[in-house]
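Chain lettering (A, B, C and D) follows the sequence in which the chains are written, and residue indices restart at 1 in each chain.
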Amino acid sequence: MTLTFEFHGQLLRLSGAREQQLPVAAPLTLQAALDQLAESRPELAAVLGRCACAIGDRLILRRELLQADTRIALLPPVAGG
Amino acid sequence: MTLTFEFHGQLLRLSGAREQQLPVAAPLTLQAALDQLAESRPELAAVLGRCACAIGDRLILRRELLQADTRIALLPPVAGG
Amino acid sequence: MTSPDDPSRIQNQPLALEPLLAWHAFPDCGGLAMFAGTVRDHHDEKSVLSLTYTAYAPLAEKQIREIERAVSSKHGAPYVRVLHRVGPLSIGEVAICCVARAPHRAEAFAACKEAVDRVKHEVPIWKEEFYADGSSAFVEGCCIAPDIEAESPAGGRHEHEHHHHHAHG
Amino acid sequence: MTSPDDPSRIQNQPLALEPLLAWHAFPDCGGLAMFAGTVRDHHDEKSVLSLTYTAYAPLAEKQIREIERAVSSKHGAPYVRVLHRVGPLSIGEVAICCVARAPHRAEAFAACKEAVDRVKHEVPIWKEEFYADGSSAFVEGCCIAPDIEAESPAGGRHEHEHHHHHAHG
């Protein structure tokens, strides 16, 4: 299956892209998927370690299982206001 | 000499007037003047005991001496806002 | 006292909030806190139809400016401004408005809150409430005589006690 | 999300304050507290020319509404509303605006302050600063992953530490 990671905040600048696709073997946990992304993009690894992850309007946990093609928003530390 | 007391807040209602003149023998302290006013208007006495007094934009103390015709604003407990 | 930069603090017309905010000044101030106290439709259990505020303007104008300066300096808020309405007010109308601008929000909030508290408790302004049953009353207030002890029988109420007698927060 | 009564909380146009105040509702609320966070012209020692805010809107819209509800209920403030601007902002422009209305002023202030604090620290919004020297940087922020310990090396900074990295109060 294919995961699509959306980049937000400083990840946009660090990655130079709005999103990235990652082919993975299903099922796997979000943590495992993030590990694979970090491996393929080591320059993002430090920030990925502090990201929240969302599917649509829902935050998901690293232990959750991904079973199908999914779009995942990567949300670095926030600073509103 | 003649003192002119201005009534504000609930003193306006209690006294039914905007002000009242009081002939007094000079010099006397503000406290003595307030005592004479309370004697002549016993219905105001309780509120007079909690009033601040001002001449123009200046608060004056009860021990201050009044030496000439003076206009004194009587300011009952306040409740702004 | 009536220039845009230094308006009368005691106003007998509806308070205009927008000019009070001073948007285009203070580029070093990231926090703007505002408070507006509006006339409530009840007080304790009684239904309120309207209010009338009166003030002793010569002293009120001076004291509000002094409070603004003191609060500004204490909290490092370059801009603190309080206006108070007088005259007859309807439910929902703004009785008091305060704006404080400071580099950060904590100081802006603190300055705004303290300025409002002090103006409500220290400045010669009075509030008469008119009730649905036809009666009216002056709201129990704070004695501001510098030479009367706060512990005197009537003046000794604590702030949090007579709070509940104010028409709004 | 775009009705006057329920506007988008994330806005890419200048924030309109007046409709946010809800003057003509809540006759039982005597206190209205407002906070506006504006773009400051400096951050620590650096001169700031402009900012760009971005947001992950699907979650941000939901979270701001949840914060409004939670703060409203906690403080007994019937009306709490927070709007946040996104896109490029100049010095002095309003980045965040919060209005809280409550029966009394203490609750209005408390609700306004807490809603602003929470939106700044919990909602997926990012701030990129552009400096006079031509450089730019994302402002150090708060990790919002529910399953990452605040004690992690980078996420473990205390609020009062990274406070100073925010562009305004």
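Quick note on the criterion: contacts are C-beta pairs under 8 Å (C-beta built on N, C-alpha and C of every residue); 3 or more make two chains touch, one makes a residue touch a chain.
Being a predicted model, the structure only gives us computed values, none of them experimental.
Chains that touch both subunit B and subunit C are absent from this assembly.
When chain centres are defined as mean Cα coordinates, A lies farthest from subunit C. Note: centroid distance subunit B to subunit D, computed from Cα atoms, is 51 Å.
Subunit A and subunit B, compared by their mean Cα positions, are separated by 75 Å. With each centre defined as the average position of its C-alpha atoms, the distance from subunit A to subunit D rounds to 25 Å.
Across the assembly, subunit A contributes no residue that touches 2 or more other chains.
Shown for subunit D are the residues that touch two or more other chains, namely 37, 105, 116, 166, 168.
The full set of touching chain pairs reads A-D, B-C, C-D. If you check the complex, the residues on subunit D that touch subunit C are 18, 21, 23-24, 27-42, 91-92, 102-109, 112-113, 116, 163, 166-169.
Residues 6, 8-10, 12-13, 46, 49-54, 56-59, 61-63, 73, 75-81 of subunit B are the ones touching subunit C in the complex.
Residues 37, 53-56, 58-59, 61-62, 84, 95-96, 116, 119-128, 138-148, 152, 154-155, 165-166, 168 of subunit D are the ones touching subunit A in the complex.
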